[in-house]
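Naming follows writing order (A, B, C and D), and every chain is counted from residue 1.
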């Protein structure tokens, strides 16, 4: 075992800079991949924040009784989709109207034409137009309900945007993820290929495949976790600095923790890359 | 010369797969970088489209004469910032109000309280909040003007978003660009390092540095342009397919042409990477 | 016991060995003689299982080329020392580590390993160069490192491919004496060489090979 | 004309050469004799400008180690053939291309190049192996490729480092005859070897080197 560790560490020294290149490439690839992940997380945070403003307004019939309204409120509150419920009576509606359109408007009319309403704020995760439609369907037949309104077009547009963004995000994540795996494993591959002669000689002197493989594997894992650590530290601190500089970006609390994912990722990629590279070489030896 | 070409092509065969790895890495890096460029272009297109809906509404005083209004229109039309001007008279305003708030509202009032207005659509490129402020300043003293409204908060928010996006875009472009350069030049470096022995022998047999360098340089350029071409083709067709699938993404006409930039880029990076790598090796030989 | 049974070896269109049969008994010292390009190295590589015969089979103790499993080859190589014509030193580690590697693969204890490596290096006259890298050594010194690595395991058989080629007269006779001593202690030695004088002065059996055929 | 003037060569703490002075006249054939590790290869490498002396200077025709510019070294090497002890073949190209490379660097015409390479390969007895890769050749064959490459340029001086080490008697005497013929035609030859017998049978001057000192 001590042999494996000794050899793995010596590997970095022996390849003169190749180990450094490998670590650097891993770090750079993971910075790109991890940075993308963080940007995507922020993007989702942004969308979620925008969506939290989605409200359903249920206008109540003037003829609705107090019991009917209470019954409606009870039903709504029982739904998991409903986060908050605000009752706006006729007077408050009039006051709001006047605030928007200037005073004197309603004075000219004998009777307040504005209905009372229930403003429903939705739980995050239930803000798609389908969920909204479901809620509406559930309550629209209630006696108390006169009319239901929500920014239908707006919500649908947002839904579509999220759909496109998700699609692009998945695509980009896949592409960048694949690119990182490709680049890291190739670099590791090249550094091991450069030692093909040594591997061949080891075999000729009686080393088993697993004996040859072990130090390379450990070297790959060490190099990968080193690269991953550099990437993680960089991402963490850049993210922190950016969130301080642009508070509007730090929408997902703890998003920067995702940065630390790069360490096990680098480790896995370094180890796996080494494993594949060494296996390919060993398979082609006599 | 024919020697250089022959050697450069033989290089790919001799390194058994290393050339392929190099081309692959170049292609992958440039797909990531080029893909990012295209996404950024689309994003700007999206923002521009959203901003095109920015309007200034100039409410006209009920006391304004026809001449004053025409004068105001003339002044506005003379401004380069103004793209379109729409006159909404009191009746149209009332009709619009009724469409939004239901009929019967205004019937109750003896006199139409809604003012006539001019809706100003802005030329693209003049949609920042400063430009809008300038326009407002220029006309707010006009007799005909009662009040001017625009989505101040909204436009400012959009401005801020664009600022952040530009910052992130420049940052990401720099990071990914640097990463691509790093990864490509390192891979080229590794494939050339693997032939260090050959280079040393060439020197010992009387080859000048430039004689040794030429085929490697050409090999790097060929490999780079091959990788660049793969990246360009991939980006071009994926972009085309995406624009057909999601028409809302194809906002900047001809954006896909940026894909072809990857070919000279790959060429330059491959050549430069080779040059640096070979120079480093030659410098360390006796 | 080493045995080759009607072995043919062809690579592409070239016939390297043609119907080679030979047998070396346990404890024997045998010369494999032949001009350049005769096929001596190929014979040794076949016995070391670095290559497999195209036809026929090779046997080394209980290991037979037609039945051996890949994972048993390392075990075989640990018990047979091979002195390579081109030395095959690991150039990324020093002389000590090069020789130690042959013991390391067997899982030897560290203390034992150190003692045995130094002992063997001294035996071939290179004790003072143990911390050098292979590129820093002269041709003859590299050859002796390769010899030391082959011996350090105390193999039951020794395959020596031109082991004295880069050595001066004196060093060569020292190494030859070393191999003869080992042979006296029971090690089988098969030594490929083109030095016909050597065989004339020594009382050992001689296998002649030319153009891939044994005479 | 080859000259070394009070040359010292130290690497790290090791003194490889100590106050070595020697002179080889134009058209001479000189043996450089010494045991393994004496410093023969180092002397040849210094004359080939592969290394620079720590003290003193080396002169080869008009090229002096203390004044030469780096960019003139390739020109020098094209006019001096070196047969390396470890062959130094380009293993990523075949035998023909290996030998041709020494002509290619001089910008020779393709037709001339082809003729001369085949001629030289035939001279060393390897014409039939021209399309092989170096790894496919036996030790002696590789050595002869290295010899062919050194000769193909028609150099005015030949530095031969143990050029007969991997060759059988017959091939060795053929190559030696070849070198003597070239010497008769005016080529200066400096040949490092540990084969003391060779020098005894030939009427050439002999430089003895041991432990880095000339005697």
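As a working rule, contacts are C-beta pairs under 8 Å (C-beta built on N, C-alpha and C of every residue); 3 or more make two chains touch, one makes a residue touch a chain.
Because the structure is a prediction, the values reported are computed rather than measured.
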- Item | Path length in steps (a step moves to a chain that is touched) from chain A to chain D | 2
- Which whole number of Å gives the spacing of the CA centres of chain A and chain C? 61
- Item | Inter-chain centre distance, chain B versus chain C - centres from mean C-alpha coordinates, in Å | 67
- Provide the C-alpha centroid distance between chain A and chain B, rounded to the nearest whole angstrom. 23
- Task: Determine the centre-to-centre distance between chain C and chain D, using the mean Cα coordinates as centres, and give it in whole Å.
- Result: 29
- Query: Linking chains that touch, what shape results: line, ring, star, complete or other?
  - Reply: ring
- Message: Once the touch criterion is applied, which pairs of chains come out as touching?
- Response: A-B, A-C, B-D, C-D
- chain D residues touching chain B - in the complex, by the definition given at the top: 48, 50-52, 71, 74-78, 82, 84, 88-93, 101-102, 104-106, 149, 153
- For the complex, which residues does chain B have touching chain A? 18, 21, 24-25, 28-29, 31-32, 35, 39, 104-105, 108-110, 113, 160, 164, 167-168, 172, 175-176, 178-179, 182-183, 186-187, 189-191, 193-194, 246, 248-249
- Note on the structure: Listed in rising order, the residues of chain D that touch chain C in the complex are 11, 34-38, 40-41, 85-86, 136-141, 144, 162, 165-171, 194, 196
- Touch list for chain A against partner chain C, complex: 3, 10, 14-15, 195, 197-198, 201-209, 211, 286
